[in-house]
């Protein structure tokens, strides 16, 4: 092939002094991401370093103590947190997913009451957690007379995270291609059969992600429990839903409030435990997401 | 749905001393002031070694929040850093909750300054009032404003939160009226913040319980208080014998008469009272003197007999 | 044309009528509706919990005093009920948080959506989501014992107090970065690729395409993300309670200790104020105000997002 | 010069469509206030292949989806006029749309297998319809009829998404057959497929027409010419108010439509002068 | 019998393509390890319309996107061989892809106006390219050339998404013209449009070819026959290893391709026996 000399278009295709702004922009973006994650890294390093002396088995084998912080543990807090998370998962996740199914698959979006439900859910997602504490105290603990029990705490937190579950489950359900629904309906399946057997299984990865985000939030909340006046020093594990309890974040808060240095070390160690539970849950989410996405 | 008590033995409660004959079960709910909580917490821990089946959760809803629950019959023991107020009495009466007031320890409110502060070794109650009274707000800005002899170092005030009994007591004792205080100080629920705040500012001053001072004696100096009878430093002795005035104060628990009928509550209270010295030390408060201890024991007996 | 003949049509022998009853569908729909209505019940519950003490509060304290003064101290003697100091603190901390979170979060979102390879995105997004799950007490603790001392030693001239709005706001900002980043990234990813290609085909660079095509097209989603982040920041309790303090003095200086509305509720709610007292009712009045503020903001943003949607679709 | 090979010329099965499965009269379809299709009359003959052709947006899919009431699922969609299925009004009050869809199967433009195994894809329809009997046999039979059995019999438990596009589309046909429908509707079943896969699907349609009535929408005139017995040509007309409505222009034997259309618009369209 | 109206027969502009804009030799395109297109040689003549036709998946879009380096944006995509633009290697080290795209415009299958006003859509390109001068004139000129000015001149500040599909596609062409490119690439520009809009775009292409070189990918043989000067027919072939690769089968004047193709596969395709 003969290489022809360029005729009319004498301007060649070479770079014509493109600004270095392009590179600066890219680097700025990347550093923003790194700064955000840098905070996380710094925080992790700090608490691990601070809590290091107490990161041993007594931490989860013993009960908290005001007398001997140096050998105290946070077992009751761990169990309390696990109880709350478990119950929240049992209550908030099914309710949230069902509500999402209603809104995505059944609700006629032109009806005022469905619009109201939607607006209400997005509003609730923004309501401060301390206000949920007021709700829990006034309505659940007192009015329903559930007292200051695991049940009250779990219901309060469930209501707190419910909007998150609903919103993310809706996203996941919406992401299931309509062709799957049509395919099922065209075979004579009913709507619920279609949802239960096609839509929900396909939406599992998205629902799982949203659920874990919601439970992560539930794990870390202290403010509603503060309002509920959950006991801070509890030297026993909850035995049931009507038992008194405490949760890790609240214990951490009370440790921070103590003046003795040992309590601060203990607080850092407890934070490491809390973060470990959090990371464990997140990895489960990622595992679920990847596993189910691979299959489908 | 509270933990209803079920008993191992009915005899255990009334005999005052060391009743570990039968294993008890049930739950003794305590709530209230976070200042008093360490005492009840320490009691709960020690009691747990004797009666491991009895659960004693200790909440820290504050004296006010605690009284609300207590007068609604939701808790058995109320920790209070101040005496019950009239409206709270009314609430308890309305629900038919009977109780008595037990003084379990003494606290000496300690006024602290940082180590760098060399001028304020002793302050009169008038000087304190001048710093803290509502009228001082925005006016008394430096130490020099308090007393011309002091340097013109900026005055930075730290104290417990306005909702605490400690605050109420201090304002009453110094400013003459409960709750009357300048607002532009740094309040904190967390005494540790006061330690940090005061030790970090040369012109800092704050107050809190004696315990916290002892733990931070390396960072802070305790100011001697002169209420007209010369300078007195806070200490166990001066607090117990009442010479550290007007800043030593009693700490209370309010057991409910109805709850005392339950053997596990009675056993816990017996334990509490009988070991009050060790408990106060463990909680880092100033223990009662012999006379006060005797009164505590008789008060508990009176409550029990009232409960029947 | 065939008129409607009997159900036993020729060639099929079976009618098209329902062969078996299907009550199940109805029951299912009812259960689903109930699940959706729980959220409405929640709102009703919140209002019910707040309304009575709030009304009692305002029967004693006039709206004029509540909103007309800058002197706040419901627990002092004499008490003062000018709510502005805690509103200012709330707004200021929220502002600091937004100043931190919006640039960082948006930049991170643009990076993840426009620049990162799928593998990088797959790693970074979950890590960012971990940041969203870090308990707020932890952020508060970190702000108090690490960030504030750090700032004090780096910028001594700021004269930072041991508790201050700056460190609290900073960490609230870090807490909401993932909300901004993750939701914005979602809406940028939803921008049809055709728009990007259209821009590249005109000789636009990646930066111009991101800034002038993708971001504007995803605008409604980004606004929604920011509004949600603002609500979270305004209502955040533990970080401000631990690191921001409780001093409610009317000031705009973020190096000072400040009490936000949420911090006030937490403080007074766990304090020694006696129930039924005016101080106690103040908790509910402030709670109502905070609830109304977030609700209004969200409602407003929902409207705005809807308006933009109309423009862009 | 190219010449369109027309199946109709070779074997027009029922010249008069004596045995109509669907009788459509005065059918108009609305989306909200918009009348997408106006006044359609046509009969679909038993065990024939009827093709619907026409430019984009003329309402082919809309009409097709009326035949198994898939349009019910679109909020605001509404059919006016009459469609009788074996003489029974398809939109009658007592008619259960779910039963309709079971009896009148559908295959879509883009193959849409469920993200399950091949086996489960086929078994799904019979299962949700509460069919009893040996599922293995049902699956094998359906796959055999869809000319897919030999290709997949060794990997029946494998995920259906791992099949090629053409195999997926045949799977979708097999899935539709498995519930033993009476009619199969196909909306551009080959437009996502390569030529080889297309040929296979076309052969399959010819095969299936022994047992089933087939209605197919296609963009591809060559395809209509090759496979169908009858062809309906739709187009979009602008009315006085400037609104576009789909209309049925001509409906006749495929051979007639492609060799001697009676309408000028049909001729223009198939000779490529238009669209 | 239908007869394809062929533009090429009427006016073959440059019988020998003496003045090639693009010289493609030995072009293969990979997506990762997959060789999607193998060994393409073709020349694109100046101020001609070149059509690329062939069954789905044969690599038409892939080749087209090499001409303005849009493939660079697909992770893993890689072109091997040579494409010279006026003799200059398009993939040379010194070549700036952004400059390439400015000089070689592109119009996509689905109209993709930015969600901005009509005015801003047109002005976007000149602005990002730092062009000076009166923007109003640039906008008017581009819209006029794209035969859209009269229809939109009164609502120039209105959102472009409020236009009809055909108008949107002409807007996209106007947008491409506004940066004063030398070549316009079009990837199935009419497949989302109705027949009337299609006719308008085709007329526009004829018009534009006075000033621009146009390369168009189309599924619609009638369209290729109507508008193009030269036609390239691609198909997909399965190699020994069972992998499908796109190949250029025949490249010639449109009139020749449609009346007297030299390759059997081309003939099969255009007569509809295939695809």
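Should a chain be cited, it is by its letter among A, B, C, D and E, assigned in written order, with residues numbered from 1 in that chain.
Rule of thumb we're sticking to: a residue touches a chain if its C-beta (ideal position, glycine included) is under 8 Å from a C-beta of that chain, and two chains touch if they have at least 3 such contacts.
All of these numbers come straight from a predicted model, not from anything done at the bench.
J.: What pair of chains is linked by the most C-beta contacts?
T.: So the chains sharing the most C-beta contacts are A-C.
J.: If you average the Cα atoms per chain, which one ends up farthest from chain D?
T.: Between chain D and every other chain, the largest centroid distance is to B.
J.: Determine the centre-to-centre distance between chain B and chain E, using the mean Cα coordinates as centres, and give it in whole Å.
T.: Centres of chain B and chain E (C-alpha means) sit 84 Å apart.
J.: I'd like the Å distance between the centres of chain C and chain D, where a centre is the mean of that chain's Cα atoms.
T.: Inter-chain centre distance comes to 49 Å.
J.: Going through chain E residue by residue, note those that touch at least 2 other chains and give them in order.
T.: In chain E, residues 98-99, 103 touch at least two other chains, as defined above.
J.: Do you know which chain B residues sit against two or more other chains?
T.: In chain B, residues 34, 60-61, 65, 189 touch at least two other chains, as defined above.
J.: What positions in chain C touch 2 or more of the other chains?
T.: Within chain C, residues 22, 144, 205, 269-270 contact more than one other chain.
J.: Considering every pair of chains, which are in touch?
T.: A-B, A-C, A-D, A-E, B-C, C-D, C-E, D-E
J.: Can you list the residues on chain C that touch chain E in the complex?
T.: So the residues of chain C in touch with chain E come to 117-118, 192, 194-205, 208, 212-213, 216-217, 311-313.
J.: Spell out the residues on chain E that touch chain C in their complex, using ranges where they run on.
T.: 68, 70, 73, 75, 98-99, 101-103, 105-106, 108, 110, 112-116, 124-125, 128-129, 159, 161, 172, 175-176, 179
J.: For chain B, which residues count as touching chain A in their complex?
T.: Residues in contact with chain A: 1-3, 27, 29, 31, 34, 37-38, 41-42, 44-46, 48, 55-61, 65, 69, 74, 189-192, 195, 211-212, 215-216, 282-283.
J.: Contact residues on chain A for chain C in the complex?
T.: It comes out as residues 18, 21-22, 25-26, 28-30, 32-33, 35-37, 39-40, 42-43, 46-47, 94-96, 98-99, 101-103, 106-107, 116-117, 119-135, 137-139, 159, 162-163, 166, 171, 190-192, 209, 213, 216-217, 219-223, 226-227, 229, 248-249, 252-253, 256, 264, 267, 271, 274-275, 278-279, 281-282, 285-286.
J.: Within the complex, which stretch of chain A touches chain E?
T.: Result: residues 1, 3-7, 9, 12-16, 18 of chain A touch chain E.
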